[in-house]
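The structures considered in this document are given below.
Shared between the two complexes below is chain A, which has chain B as its partner in the first and chain C in the second.
Right, the complex of A and B next:
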């Protein structure tokens, strides 16, 4: 808050190799659909005009954008549908599985359920080419509650893996979709674009698993857009397990219309440095958003997450619970904001962020915020930052648990509130393992 | 200079203007004006040099834009940086009758009065300090309480030692400006082991048109000393915006305690948002000694624009800082206010209680920072920021920053925003209270936690002020 000048950090050059005029021409040549070509061209114009964020921007003050090695990455050519299938133990839990690898992706229906229900899981390019009228309305960035930034524009112009998921009105899809990324090409740049449309009264769910090996450098700039229409209910679980040399800048948006429910769970364990932004807009009366998150930064990891709970309609509800731990010299940043737009009355919004700082050298910043432009509402936030409660530790020790076992029990317990909300047992188990591993490392 | 009639006075009872002869410097800011101000105050050479250094630094800075405020740019060359009432009396100690009458209307007794005998007052009119009461009683105990200009002349060694050590002239845009042009303010020094026998108080008033007020207050509590300090502010009603950029520095050594309370009621502009004071203030306390305590209590009821973050740097081990605030905004007022608690020492504690009340078309933001440095062990912070909304066109924002860099720290923050409870209003109405009285009672209950930190006279005044401010904003 001082007026002192901060040295301007070195900017990432505005036009990066591969993400410039030439790059665009190459991308356009790969793009079959005229609609997408137009969208990419428009996004590229924005991308060229927008400045790269710097630490002088409030949103990036705690996560220096110049430390993301974007300039040294090679954008992967547009991923094409190919036979890159390898089996995965989780596949049996879902009706449809999408496997994404550096050299292509495969969409596999495990059974006939999705087809029988009329659910569409298609590469975005194919969907835009075969049914432009069905896709076009969702490519306008309508779910975007705030003006597009540099990374959003970059994704819009240069995405190299696109997926379109469409649930027709009234379908109840229990087992849902698994999208698993297994990226192992060094110095590659993956720019995934995901568009989900849940038509009125439908119900569905999807899980993402993002993986790369620890020993390669890799970067991802994902963007996900969810349109949950009248009375629909959609849940997305995103398990981020990128390797310890990977980087991610993601921008995700959800729009819930009248009576709709949007539920988003982010589980962040991987990457060297990640910046996540998620905005949920409860845009129709009686719509609700539930946002839950776990993050655990150990070693030298740096995790920055920003959430927006946007209430642009009266009688809307949102609840957010983000729980994080930092260990070793790990660092986490949580920035949350509840926004009540003018006229958004009878709103009920809650935001909680709890941080565990497990040892000397670790650091957790918590910046909850309220931006309220309406009356007759109830908005609140709570934030705590601290180490494990010594009294609870003492109690467990007195019951015969070792120091390490007592600490583990308390930490697992701390996260349990969020873990409970994950629908699949295999993922809950995976989360437990991650926490266990991080505690032991 | 035109005389504004006191008849236009409606809800702002301090909106009168006193027609007195003034001694002013020309409008605008440059090194000559600074030298002129310094000369008028009979300052030593080192003080002028310090001012010039601050001015040169200020020239290189930009106005901060991060606050959630919206106002037209301030023309710093269109401000008169010094205005003093001309002395008419023969003896310098005698207070000008018109001035005394003006302060009388404000409820500040310059001549010692029985009912307020417990408060020593330093009154600042535009740019100069006009009187300081109870000096002898204080002097007996070795307490120095005088205007800062006098302190620069009479106690240069103390001023030199402490001035700018909490808020350096490089601190921020407005603090730099203040360091260059500050005109008056209070200086208070409590020697080792002394408990100040009465509350000390300063009363600030902006009177002349187009003047800015740049006061500088410096309070030092030596080992084991205690002082409670009160500050009040008002200004006449004018169509033009006026600038107030003060700097307050508090220094508490081992076992010392400073309590600083402000009731700020600068003119806030009319219903259309015309006129009013721009209040850009830097207030900071430094708990230098072990077990020292500093508390800020503020009732912010005035000003068109408020930019103010009374802070505490907790350096001494076991020191504690507190911030209690009630900020009321009505009509078109905008306030961005809060605190910073910087934990440097081990076992330091801080408490933040902020109550924001917004009505009309106003914007009321809390912005705060709690920072625990890496080698500060066993620190504790508790923050509670509640906002109350009255009316559908106002807004209330909360921007807390929590930076915990030590694993032994426990930091808790809670905030809520809601409208005046209809159930409570209904209950009070059913007991026969009018709508306005009911709201006033609920609001007072909401702000009670802060009011009870104020000395009695101030607390009564603050409750009245709140009632007056919120009159007509219900319905």
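Right, the complex of A and C next:
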């Protein structure tokens, strides 16, 4: 594995080829919307000023940024609508499907439901050009932290695939959207940007599936921004299945307004190295966030996840459950932070991270945390790290299950609490298969 | 005529846990079709014996033999013992979150039935019959194994497993402890459904109460890791009236000195 190229601390201003002034000029020439040009320019100014993270940053202490071969990747030109459609067995489960490939993307409505409900699924560039006022507040909007981080700013300036999903007030969208990424161009850099706006009292759901072949090197720097408005309910399931030679640094942000519910499920099985950050802000009274995650690092995989449960309003609720396993020389990092902003009283926040370490040589680090600037709140965080329970193993074996079958049952069972929350049976089945394959490999 | 040769035999069994000897030469033999009870005061080694029969890795057998239907049980893995037809109803069944009762029972059934597996529909039908018989809520089968179960539910779950696996020899380790009389009756009903000429049962208990519902042919009294007394059902009554002291006296002071 190569890639010691970003993050030389003494030259933090180093701009990477293609992600520099010239690169921006090229991107701007491709950008039709004035709004997007302005947003990109502002983001680029931030990006230029920000230093690349180094292992001296607490957040990157356990995941060296130089593990990511960003400098060796070629940013793909802005993806355009193309006839890149190939059918996929999961498509039938959803009303709208977006297929993303290195040479373009295709948006398909499987039926009339989304159009009848007035739901918008558009390329971000088109949405920004045709309805700038509807996009402007939600692109680099208030869900994002200020100041921005280096990778967020990079995404904002250089994203090459953007998608805008808008649910009008009151719609109930059961079957939702599938976005599937099938990336197979060697040494390419995909920078996806997703913006979701769920208007008041709407309910909806989307699933992302991220795939690349094991034998090509590839990198993704995604960023997602979700706005769940008053009384709305939105669920996002992200299934990360990048190939074993792929890399990802993702930054995702969600904001729930009064009485809203934000539910985010991350399922991490793929990639050589990945670092994800998810920040969910329960920003209005009586809003709630449910954050669930599964990760399984086997072989030489390294997976780092950081979650923020941000309570910026009183009377808010958040619940987080991240379950991970490490095997072979796999390595995982979980860092969680519950943040209660000043005045955020009567807050309930729960954070649980459980890790299975399946053999010596594998490693799971768990760093739960609280940052409380308010009182009158109920907070709990807990983490466990260990191997399978010998009493449980014996119990199953005493009923005739072989040791291998008993281990499989316990490991599947360990993840089941999260798997149960995935709405689609096909995805639950896929998750079971990933776990099975990882245990057999 | 029933076969009077022993089909389950424990010979001079010694076992230790964490280096501490618990069983110190247990002898016991059973003929097919019989029900035996094993009683004894706390700490006498009853649960150790149950766990050793099933092959719990925390116990080390230092001497002796266990023979079941001619097979050397101590050389078998726990799953091989189950597949051979041995069953242990645990005193403290562990909870296994994420593994549903139905799925678990199907895997256990398949693992122990070899070529006589049932197809899923037939299995579910049989499971529902058992559940009804044991007066358990139907929703039980979709719950996670023992997870959040009450003490009584866990014990019924053990019996449900026993009915599902149809073992030829079962050990019940204090299944009656902590059960109210109604639950005890249900548990006994489940057990009595299995008893017959091809089934042997060893009931380990602390209380005579369960022996009113499950009638043993023989009773053994375990004291300090050895079988101190064996006898017929009349022993139950004597124990009930006189406790263990007379056993200790008859068994001899040298045992008590340990």
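The criterion applied here is as follows: the second predicted complex is superposed on the first by the 425 of 441 C-alpha atoms of A that agree within 3 Å, B and C clash if a C-alpha of one lies under 4 Å from a C-alpha of the other, contacts with A are read in each partner's own complex, and residues count from 1 in each chain.
In this section, a contact is a pair of C-beta atoms (placed from the backbone, for glycine too) under 8 Å apart; a residue touches a chain by one contact, two chains touch by 3 or more.
Treat the numbers as computed from the prediction; the structure is a model and nothing was measured.
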Fit or clash - chain C, chain B, common chain A: fit
Partner chain(s) touched by A:242 [first = chain B, second = chain C, both, neither]: neither
Partner chain(s) touched by A:44 [first = chain B, second = chain C, both, neither]: neither
Touching partner for A:218 - first (chain B), second (chain C), both, neither: neither
Contacts of A:395 with chain B and chain C, given as first, second, both or neither: second
First (chain B), second (chain C), both or neither touched by A:412: second
First, second, both or neither for A:403, with chain B first and chain C second: second
Chain B versus chain C, judged by how many residues of chain A each one touches: B
Chain C, chain A and chain B - angle at the middle CA centre, rounded to the nearest 10 degrees: 70
Three-chain overlay, closest Cα atoms of chain B and chain C, distance in Å: 14
Chain A residues contacted in one complex by chain B, in the other by chain C: none
Residues of chain A that touch chain C when the two form their complex: 389-392, 394-403, 405-406, 409-410, 412-417
Complex interface listing, chain C residues touching chain A: 54-58, 77-79, 81-83, 88, 90, 93-94, 96-99, 104, 107-108, 111-112, 144, 161, 165
Contact set on chain A toward chain B in their complex: 1-5, 58, 342, 345, 355, 357-387
Residue ranges of chain B touching chain A (in the complex, touch as defined): 61-62, 64, 66, 170-173, 176, 309, 340, 369, 374, 387, 389-419
